[in-house]
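Next come two complexes, and both contain subunit A; in the first it sits with subunit B, in the second with subunit C.
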Partner chain A sequence: MAVSLQLPGWIEPYARLFRGQQPGAQLAIITRQLGLPVLGLAVFLLLWQALAPQVQTTLGHLPGPAQVWSQAKGLHQEYRDDKDRELAFYQRQEERIARMLEKSPGAAVPPLRAYTGNPTFYTQIATSLKTVMSGFVVAAVVAIPLGIAIGLSGALYNAVNPLIQVFKPVSPLAWLPLVTLVVASVYDTPDPMVPKSFVTSLITVALCCIWPTVINTAVGVASVSPDLNNVSKVLRLNWFAHVRRIVLPAAVPMIFTGLRLSLGVAWMVLIAAEMLSQNPGLGKFIWDEFQNGNAQSLGRIVVAVITIGLIGYLLDQIMLLLQRLLSWDKKSVTR
Partner chain B sequence: MKTLLELTQVGIEFRTERGPFKALDNVNLKIAEGEYVSLIGHSGCGKSTVLNIVAGLLKATAGGVVLDGREVDEPGPERAVVFQNHSLLPWLTAYQNVELAVKQVFRGRKSRAEMAEWIEHNLQLVQMDHAMHKRPDEISGGMKQRVGIARALAMEPKVLLMDEPFGALDALTRAHLQDSLMDIQRDLNNTVIMITHDVDEAVLLSDRIVMMTNGPAATIGEILDIALERPRNRLELADDPRYNQCRQEVLRFLYEKQRKVENGGVENNDVGNDSDGDNTAGGPQRETAGAGEGRVVTAVGNKRVA
Partner chain C sequence: MTVSGFAGKISRWRIQAAGFVTLCTVALLAPAPLLAETGEPEKWELKFGFIKLTDMAPLAVAYENGYFEDEGLYVRLEAQANWKVLYDRVASGELDGAHMLAPMPLGAATGITGSTAIIAPFTLSYNGAAITVSNAVWAEMKQHVPVGDDGKPVHPVGAAALQPVLESYKAAGKPFNLGMTFPVGTHNYHLRYWLAAGGIHPGFYAPQKGDNSGYTDAEAMLSVVPPPQMVPTMEAGTTVGYCVGEPWNQQAVSTGLGVPVVTSENLWTDGADKVFGITRDFAEKYPNTTVRTVKALIRAAHWLDENDNANRAEGVKIIARPAYVGANEQVIANSMTGTFEFEKGDKRPVPDFNKFFRGQYGIPYYSDAVWWLTQMRRWGHIDEYKPDDWYMEMAREAFRPDIYAAAARELIAEGTLGTGDFPDLDTATFIKPPQKGPLDGIVYDGNKPNAYIDSFEIGLKGEQKP
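Take a look at the complex of A and B:
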């Protein structure tokens, strides 16, 4: 019992099958939880392979799964090549320094020059992740206190709610020009710590993904059971203790729900923001491929699309894991 | 014994969309130190309102409550409340729930070690020391209510207020908790106000039973002294004619004199007032008696089960 509780649920039928408990029933479960998704995927791939050549574009027909796979391998190869070049670059420098020291042992050693190759597919992914996490963290840092304040005060809720409802559906594409112009004039230093395009993307992401966390936090705080509020009153908890001991923990499950939604929105928004703000990342990668338009571009774009989907799914799973670890309400997590 | 708690002319009016609604009127009650008082009445009669006024969670619009020479005007731990649905913080263990209260009440008065001892002592009192590091969702309803009682006792209240503490429990669990409570009460001799709608519970636990009339403008109808000596044993009392007489008294009040009329609105008021003012036999009165007898049988049936 204790062991099966620690294992993820999907392993259980395999464990039972291994122990020989009702093998028929276990096989049925395995078919349902593994067989059917595999079947769905297979049907999808077959349809894709069959239908893609029918769609003609100026860059040739849409790539099928096989072409996309070869493009994925190509992108990986580019990364390997780049790594080799980087290694060779540093090796050359070290050899040069070694030779220099041989000639005149006391000479001052010049610092190593950094390698500046073209960004590879993986660096694009890393940049995108960095941008989305920065925007998401900024949004969360603002959204949670704001949500708590709105949830606690009915007056503030009434004052702010219309604004939230209006700003919530605004597309990142609408914010972006405004944000770009503001960043260009406000963040105007000759030697910026981080590139402007990064700041623009970050703010756009934060502006768009802040709302689910604000709303869910506010709802979580406002729906603290009146009984718990009465407990707080009987104990004469002061305002600060009331928020820390009662309100915040009670709202934690809803805060996590909001954060999960926000991270999903942030990832969606980021790709669009990167495309338009020319911030390096997956969005820019797609945009560049679209602009370059050669025979490989379509395949590479599809690789990027699938990557975006997989990373979005991974981010969601990570949030779910965090929620499981940190939230007291284990029941609300299973959704 | 000296009067610890005094309710004088307490009344409360709620503002509603259809104008003011007078829920309580002219409630007068004196409770002595160490006395166990039950409030009984039909649902909606305002007994919870009385308790909430004493707790300070509601403010009386007329009259006032004086506890130990001081007027009650806000909630506080010297009037600890055991809520009907336990109201434990679900993210804290039983121990931590009691700890929150103990830290708040005894801050600066007890050392860390003394607090830990006091928390464990109170959990032992309600026989929850074996599961004190479990969270509310890991323990049964009866256990949660035990922890709720431990939390309230740990505040060392002058008056312990209990709002239908066992109302949500099954009959067997309820009987267990009643026995536990009687044991605790024998040692601590707390002053208690308990709301209940269970006649047996009221008779078994109380020194006095305060019977409330139906609302609106509910007030105290009758007060019954339960002169049964303690400790009380539910099995022995089942055959005790004095016990049964007490039950009869309460049942008669609830089902003859203050029959609950289930059709709401203005009519409800009229009928209620009728039977209030005119307790002699009449048209509606005979119906009442019939309904009352039916319920008496049910109540006795319950008793046998418990």
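Take a look at the complex of A and C:
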């Protein structure tokens, strides 16, 4: 399977402009590519700034872009303050240990304890990303083989399809109590490496985002062209070689479509699951801010909402890039 | 205590080594209990949970003022989504301890809330709850509340003024819903006490019949709402009032959505409201850690009430941080600095709205535990008659002033606090003398719970079952 790296198409006009080829036409293209989105964004911001103060809530009016930006700066400042506190914490610890060693030089040096401060906004983003990627990988590892099996065997498909259709629409918040109870009783080690809230969130995310991948993989595998199947029969390929050489490469575009959808679903589900599972990520941040109910809460929640959107967009673009690299059918890769 | 164990002590104690050694010698010579030094903590890194209420202040203060670190404990404080999640996480061990409602360890001891034994070695706060009603309900209630010479409603406002409002809702066929925070919880029982004292039946629980709604025979329906959602829920019309801790009552006043009508020290004065709860297993496995934690909390509570609440303003600043309670500083200060706002503009002096250390010392009194048990019996959570000594037995299982006393003695021995700061721990029974109820005048004697239960008009009595 050849891997070709194509430059994204949007660079072309700039390259041509740089070389002096048809500048008028290139500028027109650039205006359409860049100018229109910027215009759209500007109009949205103006509308937002104008309309937000019209909506009153018990916590003050809805924040406009200026307020949200100042809250974002506030969050960054909190991060910087936290770094100072962390430094002070470790300094205090080291002073304590030094004093102890001074009085009793032979004593064993106690291990350095980790900083106990609350997670900052960036730490929470990192936790959310870790959880979503873990849940997504678990889901993918289960879904792709399952999808292949279902796609290859019509009988298995008929057997499993009703179950898939019934479990697919179940909301993560409906799974959460069950998953919490099961994890609490099954994952019962006195000193867990990974906190229970993380495992709960991971499993909930996996349960919800597994379905698009399963379905798309099954469809991709089932719709392998008959010509290719004939080739496999002619060459008398064994089952494993058939899957590896014919089925998988043919189904890769659909598998990636499924994975992209799954990742989108996983990210949405994660935020909801974190609100109740107490995993210290963006979902918990939003819920805690809602509980705080102070004058800045709304602004901070909107910052979190925008962050969630941007990260979701980023994750999607990464999947798109992977799809471009690994998929043979460039036409199936859309925007 | 081996020499090397002593040598490995945190140096802070070493600073007072001279005085301490003298004290130790004297203690060894006297027949009094040995002032044993607490050993190293067995578990250094701890995670405590809390709910966003102002009475989690001792936990925040113990962290921010370095009291936990002084004891060699590295504590993470984590806000929880609601009381149920908090309770389950303590029971399952995910949290080492938590800010808990006082009846929760009793619920564990009696088996109502679960099977994991939970104990309370320290009371985080006394008093600290209030009942708020919506503007519409208050407008109707006000007409039945006597007015004092200053033109303001006479406090405490009894639920008798609520009865006509209830009647009008019944006549119109509208449900009368009130919010509280947890069935086996302080706010639920306070609300029921207040309603019953005014002649309104809040309903029974019938767990033996599988009915945990609490709606049996109810004239007013009480249901669970997480504390920060009390105000939005009342605004949406789902409830017409609620009982909760701060800052959610002052939040209603500041947003103009409701009016607090009564504060809990007018229902039961100076009773344990929030406790610090840990599993009994934790206390048995990590006794030194437990004593050290309680030492830090005692210091925090003492700091909050020191010099006639001089440090309260700073305490407010600490808990106003988004990681702790997060509400607007002004709203928090309204109830933590000696006043309480009822109707908008009607701020009255209530110096003991939150009591942390003054007068009660953070001790988990047995009689406080028995009071909560009597309320559990009144409303059906304890569904059959139990003799008086059963109540005291449950209290002794769940509330542990012995751990408190060990911690207090440590602090005295170190010189951090003096013997004058505490009551006489050697002779204390931890059972308060009989107390008269401020609202209805009914006397509560911790040694005679059944007599107390039987003296109420509304509520299960004697051999009655829900």
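In this text, the second predicted complex is superposed on the first by the 305 of 335 C-alpha atoms of A that agree within 3 Å, B and C clash if a C-alpha of one lies under 4 Å from a C-alpha of the other, contacts with A are read in each partner's own complex, and residues count from 1 in each chain.
Basically, a contact is a pair of C-beta atoms (placed from the backbone, for glycine too) under 8 Å apart; a residue touches a chain by one contact, two chains touch by 3 or more.
Keep in mind that what you see is a predicted model, and the values were worked out from it rather than measured.
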(request) Check the residue A:276 against both partner chains and state whether it touches subunit B (first), subunit C (second), both, or neither. (result) second
(message) Looking at A:103 after the superposition, I want to know if it touches subunit B, subunit C, both of them or none. Which is it: first, second, both, neither?
(response) second
(request) For A:197, decide between first (touching subunit B), second (touching subunit C), both and neither. (result) second
(message) I'd like to know which partner A:28 touches here: subunit B for first, subunit C for second, both or neither.
(response) neither
(message) Per the contact definition in the header, classify A:314: touching subunit B only (first), subunit C only (second), both, or neither.
(response) neither
(message) Tell me the contact category for A:249 with respect to subunit B and subunit C: first, second, both or neither.
(response) first
(request) On the superposed three-chain arrangement, identify whether subunit B or subunit C touches more subunit A residues. (result) C
(message) Quick check for you: in the superposed arrangement, does A:87 touch first (subunit B), second (subunit C), both or neither?
(response) neither
(request) Residue by residue on subunit A, keep only those touching subunit B in one complex and subunit C in the other, then list them. (result) none
(request) Can you check the complex and tell me which residues of subunit A touch subunit B? (result) 225, 227-228, 230-231, 233-237, 241, 245-246, 249-250, 252, 328-329, 331
(message) Applying the document's contact rule, which stretches of subunit A touch subunit C when the two form their complex?
(response) 58-59, 92, 96, 99-100, 102-104, 106-108, 113-114, 116, 118, 180, 184, 188, 190, 195-197, 275-276, 278, 280, 287-297, 300
(message) Quick check on the complex: what are the subunit B residues that touch subunit A?
(response) 55-57, 74-77, 79-81, 83, 85, 87, 89-91, 100-101, 104-105, 135, 137, 155
(request) Enumerate the contact residues on subunit C facing subunit A in the complex. (result) 4, 7-11, 14, 44-45, 52, 63, 66, 69, 74-81, 85, 88-89, 92-94, 226-228, 231-232, 235, 251, 255, 257, 320, 322-323, 325-328, 331
